[in-house]
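Next, two complexes with chain A in common: one pairs it with chain B, the other with chain C.
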Partner chain A sequence: MATEPKSTRQRLLRALSTDDRKLGVTLGPSTVWLAMLLLAPLTFMVTVSFLSVDESYNIVWEPTLSNYTSLFEGQGAFWQTSFFESLILSYQIAAVTTVLCLVLAFPLAYLLARRGGRTFKVVIFLVLLPFFTMYLVRAYSWLLMFGPSGVINDTLLTVGVIDQPLTLFNYGKLAIVVGLTHAYFPYMLLSLYASLDGIDFSLVEAARDLGASRTATLRDVILPLTLPGIISGSLFVFVPSLGAFITPRFLGQGKIQMIGQLIEKRINSLYAIDYGSAASMFIVISVVLAFALAFRYVSIEELGGV
Partner chain B sequence: MAQFDEADDNEKHSYSGERRRFLKAAGAVGAAGVTGLSGCTGMVGGGGGGTPTISIYTWEEYADFKDEIESALDVELDITKGTSSAKMFSAFNSGKDSQYDVVIPNNNYIPKLMDAGLIAPMPDDVVNNFDAMYGKFKEFANTQFSDGSDIYGVPIRFGWYGVSYDSREVSDPEKSYSELWNEENEGNIIMYDNHFKSMSAAALYLGYTDAFEGSKVSLSEDQIEKVKQKLIEQKPLLQGYIAADPTYIKSFRQGNHTIGLSGRNEIVEMWDNGDDWPDLYVPKEGSLAWFEGAAVSKKSENKEMAWKVINQYISKDIGSQLAKVGYSPSCNPNTQENLSESENEMFGSVEPSRLDGFIPFKAVENEEAWIKAWEEVKSA
Partner chain C sequence: MATETAETGTESTTGLHAVLGHERQSALLGYALYGVAGLLLVFLWIPLLVMIFLSFAQNSSTLFPFRGFTLEHYVATLADAGLMGSLAYSVQIATISAVIATTLGVLASFALARYEFPYKELYRTFGILPMVIPGVVLGIALLIFFQTLLGLSTGFWTIVATHSVYGFPFVLLIVTARMYTFDTALEEAARDLGADPLTVFRDVTFPVLAPAIGAGFLFAWIRSFEDFIRAFFVSGIENPLTVSMFAMIKYGTAPKMNAISSLIVLVIAVVLAVAMNVGNVTQYVAGTEESADE
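Moving on to the complex of A and B:
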C-alpha cells in the first residue's frame, strides 16, 4: 500500500505520475483554449448560418437554407450579386498579394540561405523592424502614402516626373495589394528561408556543373526542393489576405468591397448574424480547401520547413 | 495509453478517483475564474453600497465632462468611447446591454434599441432638463422615441449635413446635390461610407422628399433601384467614401478631395482651428439633420442615476461645454447663455423656425433592401 503524500509538491508529483495525466496537463489547457475560442465560435457560426434572426434581433431556432440562397439572390444572375463579386474580388486580391509576396521574398530568402550569419541577422531585423509597431499604424502609414495628395504623388510632382497626380496612386486595389503585401511579407520570407536553409546547395552546384542553365536549375532543382516553403508561405499570406478587413477599409477608401467589409456592414447595420455566418462559411470552406490542397503535395512536417 | 492498459484494476480505480478529484479541482478553479471574470466585466450599475458606477458607451467628447458629473452627482463614470452608432447598437444587441448603463447613439438607433427591448423608459421627474429643450426636439422624442405611452430616449445635441467645398478650388457652386454628380469635380468628390447618409442624399437629389415624411424613411423598391443607379453613376466621379467624420477633415486638409457630403460640425471645427477656405451650403433639395439620443439599458441596476447623468448632459452648463468641444449645438437652447457671440454663431444659437426645415434621421423601412442596394453600389 502506497504511503499518502504529505506535501503539496508530493501530491502534485503523484498527480502527475502517469502518462495520461501528464498528457492531460500538457494538452488540457490548449484543448480548452481551442474549444472555447475556435470550436465553440465555429460551431455557433455554422449553426447560426442555418437559422434566422427575427425583427427583434433574436435567433429563431428553426433550420433554414434561406441565408445561403439570399447570398446569391439579386436582380441579375448569381455572379452579379454583390456577395459573389466581393468574394471573387477577395480571391483576386489575396492571390495577387500571395504571388507578389512570393516573387519579392524568394530572391531575398535565397540570398539569406546562401549567406547566413550576420547578413541574415541584419536583413531579418530590417524586415521585422516595422512589425514592432501596431498593424493599424502600418496600415495608416500607407494611407498617407497613397491618394492624390499622398506622399507618392507629391514626391513625383516635386521632382518633376509628373505634372499632375497619377490616378494609379489613388486609393483602391493597388493600394490594398501593397498594404497587404507589406503586412504579410515576413510570413512568406521566413517560410521560404526555413525551406531554403535545409537545401543541400551542392545539388545546385552539381546541376550547374552538369550543364543546366540557371533557369533549369531553378525550375528543376531549387523550386521542387523549396515547394513546402512556397506552399506554407502562400497559405500564411493567402488565408489572412482573403479575410482582410482593416487594410481594405483604410486603403480602398470605401470604393472597394472585400468580403470582410460586406459581412461587417450586414452585422453592424442589421445585426444579420445569420447572413454574416453563411457568408463567412465561404471563407472557412476556402481555407479548409486550401489546406487540403496543400497537404496533398506536402506533409505537415515539410510545411514547417523541416 | 499502453501504460494505462497495463495498470491493474486498483490503480485504474485510483486513477479515475484522482481524475475525478482533479476535474473537481479544475472545475472549482474554472468556476472561481468565471466568478472573477464576472467581477471584472461586472453587471451594470456596480451594485452594492458606496459610490455607484455608471458605464456609458458614447462618443469621444462626452468623456471630457467625467469629473464635473462625478462631483455633481457623487457617481463614478466609466466611459467607453465609440465611433459608430451601428457598433453601439450591435454591442448592445449582442449582450453588452448588461455591461453599459447608458448608450448615446444617433437618434435613428433609439427605435432599433426599443424594438429589441434593450432600453428602459425615461422617468419624467428625473430628467428635469427635458422641458427646457427646443420644442422640435421634444416633438422628435415624443414621436421617434416613444411607444405611445413612454419615452425611451433624450435628445442631447444635434447637427445637420450639407455639401462642403474648398472655396479655393470650387467657385460659386450651385446650392444643390447636383455638384456631387458634376463631372467638373471628377476625382475630387467624397461621400459617406454609410448607406443611410449617402442613399438619403441621392434620394433627396432625385426629389423623393415624401419618403422622409413619415415616422420611418420609406422608399419604394423602384425608388431604391433609382437611388442605387444614381450612386453607381456617381462612383467613377468619386475620390472615395469616408468612413468617419474625422477622416473627412484629414482628407479635406490633405487636398484629397475638394467637395463632399459632410456634417456641418466638421466644417465648424475647421473654421475654429483657423481654416478659412472650407465652406458649406444646405442643398435646396433639403438636408438631413442628426441628433444624438441617450438611453438607459433595461438591465441597468442604477437606472435613476443613469438618467441623472443623462440629465447633466443637457444641462445649461455641461450642455454648453459639450457644444464647444463637439462643435454641435445642444438640444437645450438655454446653453446659449454660456456661449460667446462667435460661439453662438458657430454652434449655439439656432432659430427654432430653422429647425422646422430639418429632415431628421429616422429609422428606415425595409432596411435590408437599402443595404442590398448599397452593397451593389460598393461592388459596382
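Moving on to the complex of A and C:
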C-alpha cells in the first residue's frame, strides 16, 4: 500500500473522510452483493411460487395458488399426500437429530469449558477435523457403514454376534439420523462451548456449597446460563437438517424421502420451478419461524456462537 | 442427565457427607464425563477411519474378507484426469469466492462493530442467513434467478457468485467477534501520533485482525470447496469436485471415492493443524478469546 501512487492514496483518504462515506465504503459492497444474490433470488422465488410455467419453461405472469394446492392434492386426504408425509417426516428427523446433538454435545462442551491446555487443543482438533471434512465425504462414510452388507452388519456377521444382517442397520431413518447427527454435531458443540466458556463457574461452586444437589445445580444454574448456546446450537442443527439432501439421499436409499429430496427431484427432472418454489416456501417459513422463536430468548449477537 | 458438574474443584467437605462416598461419587461422575466424551470421539471418527482403511484395502466396500493392502486405488484416482480436473476447478472456485467473501465480510464487520446505522439488526440477520438457509433452497433460488429471470447460462461464475454469498457469514461472524474485543485506544494513539487512517489500518488494525481474517478466509474457502448441493444446481455442465464425486457414487465406483475422500481428510487435517498452531484458529472458530494455551 505504501508504494501506491500518491493520488490513489489521497483519493482513498478522501473517500474515508466522513462517517457517511466510511459507512458507504464498508457496508455498501456487501449490501449490494446480498441484495443481488440473496434478497433478489429469494424474492423471485416467492413470486414464482405464486405463478406458473408453460411447456417451454417460460413464466406465465398470472397470479395463482395452484402450486400450493397441487402440493396437497392426490389420492386421499391432504395428510396422505407424499408432500405432507415428507414434510412431517423431515420435521421428525430434524427434531430427533437436534435433541440427540444437544444431549451428546453437552457433556463434551462442559468438559472442554472446564479443562484447558493440551487436552483441549487435541480434542478440539479431533472434533473440528470431521467438521471441516467434506460433508459429502462424511455422508459417504456412513454409506459404507450402514446397509444389509455394510461394514456394521458385515462385521457383526463375521465376528459371529448375529446370524443374519440386522434390519436395524439397513438404510433408513436410523441411518439418516446418525448421518445428520454426525454432520451437524460440531455446530451444537461450538455453540454450547461458547456459552459454557463464558460461565463463571464459581456460581456452580457456590450453589453446591449452599447444598444444591448436582441435578438442581445443573437445572437451576448451568442450564439457564447456557440457554443462548442451547438455542443457537439447536437452530444451527435443526434448520439445515430440515432441508437436508445428501444425507437422506445416501442413507435413505430411496426408502425415505425428505422434503429436500422431493424438491430436488421436481427441479432436476422436470424443471418444475413453480412447484419447487412453492414447496421451498415451507422450508423458508420454517426457517423464519425458527429464527423468530430463537430471538425471543436470545439476541442476535449471542447467536454468533459459531 | 448423569453427566454434570464433576470437578467443582475444592469442595468443602461438610460433615454430613461420608467423605469417601462423596469423593467416589465425584470421581465416578468425572469418569462418566470422560467416558461420554471418549465415545463421542469414537462416533465422530469410526466411519472416517473405516473409510481410510478401505482406501488402502483390496476389498473396497467392506472389511471382510480382508484381501490385503494395495495402493492401486490411489494410483487410479490420481490418474483419473476427469477427477483431477474437477479438483483444480473446485480449488479455483473456492479461492475466488473466498477472496470475495473475505473482502466483503471484513468491510461489513467494520460497519457492524464500529458504526451505527438504521436496520442494523435486519442487516445482520440477512448477513448470517446464507449460512443457515438449507442448501437446497439457496441453490434452487439462485438457479431460477440466474437461469429463468436473468437468462444466464450457469457455470463457473454462477458458482463463484453463489459460494461468495455462502461464505460471507462465516467471515462476518469470525471477524466481528474479534473486532468487538479490539481496543480502539490503540488506533487513537496512532492517530494522535500523526498517522493517517490508512497507515493506522495497515500498521495497527490489520495486524490485530489478521488471524481472524485468516480464519474467516479458511472457513469460507472450505465451505465453498466442500459444498455439493448449491454447486449442484448452479454448476450447469461443469463438474466441481463434489459433483464428480456424487456422480461416482451414483454409478458405483467406490474404490476411487474412498481414495479421494481419504486424501481430502488428510490434506484438511494438515491445513487445520498448521492453522491451529500458527494462527491459533481454534479461538476464532470456538468463538472465544480465551487463550488455548492457558
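One rule holds in what follows: the second predicted complex is superposed on the first by the 295 of 306 C-alpha atoms of A that agree within 3 Å, B and C clash if a C-alpha of one lies under 4 Å from a C-alpha of the other, contacts with A are read in each partner's own complex, and residues count from 1 in each chain.
Simple rule for what comes next: a contact is a pair of C-beta atoms (placed from the backbone, for glycine too) under 8 Å apart; a residue touches a chain by one contact, two chains touch by 3 or more.
No experiment lies behind these values; they were computed from the predicted model shown.
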Determine, under the contact definition given at the top, whether A:Met145 touches first (chain B), second (chain C), both, or neither. second
Now for A:Thr69: first (chain B), second (chain C), both, or neither, which partner does it touch? neither
What is the contact status of A:Glu55 with respect to chain B (first) and chain C (second): first, second, both, or neither? first
When the two structures are overlaid on chain A, which partner does A:Gln92 contact: first (chain B), second (chain C), both, or neither? neither
Could you tell me if A:Ile267 is touching chain B, chain C, both of them or neither one (first, second, both, neither)? both
Name the chain, either chain B or chain C, that contacts more residues of chain A. C
Do any residues of chain A touch both chain B and chain C, and if so, which are they? 19, 57, 149-150, 267
Chain A - residues contacting chain C, complex: 1-2, 9, 12-13, 16, 19, 22-23, 25-27, 29-31, 33-34, 37-42, 44-45, 48, 57, 59, 103-108, 110-111, 114, 116-117, 120-121, 123-130, 132-138, 140-145, 149-151, 154-155, 158, 182, 185, 190, 193-194, 197-198, 201, 204-205, 208-209, 214-215, 217-218, 222, 235-236, 239-240, 242-246, 250, 260, 263-264, 267, 273, 276-277, 280, 283-284, 287, 291, 300, 303-306
Going by the contact rule set out above, which residues of chain C touch chain A in the complex? 1, 3-5, 7-9, 11-12, 29, 33-34, 36-37, 40-41, 43-48, 50-51, 54, 61-64, 100, 103-105, 107-108, 110-111, 114-115, 117, 121, 123-138, 140-145, 148-149, 161-162, 164-165, 168, 173, 176-177, 196-198, 202, 222, 225-229, 233, 242, 245-246, 249, 254, 257, 261, 264-265, 268-269, 272-273, 276, 282, 285-288, 290, 292-294
Please name which positions on chain B make contact with chain A in the complex. 1, 3-4, 7, 15, 18-19, 22, 26, 84, 86-87, 89-90, 93-94, 115-117, 187-188, 193, 195, 235, 238-243, 251, 254-256, 367-368, 371-372, 374-376, 378-379
Flag every residue of chain A that touches chain B in the complex, lowest number first. 15, 18-21, 24, 28, 55-57, 74, 82-83, 85-86, 89, 147-150, 167, 170-171, 249, 252-257, 261-262, 265-272
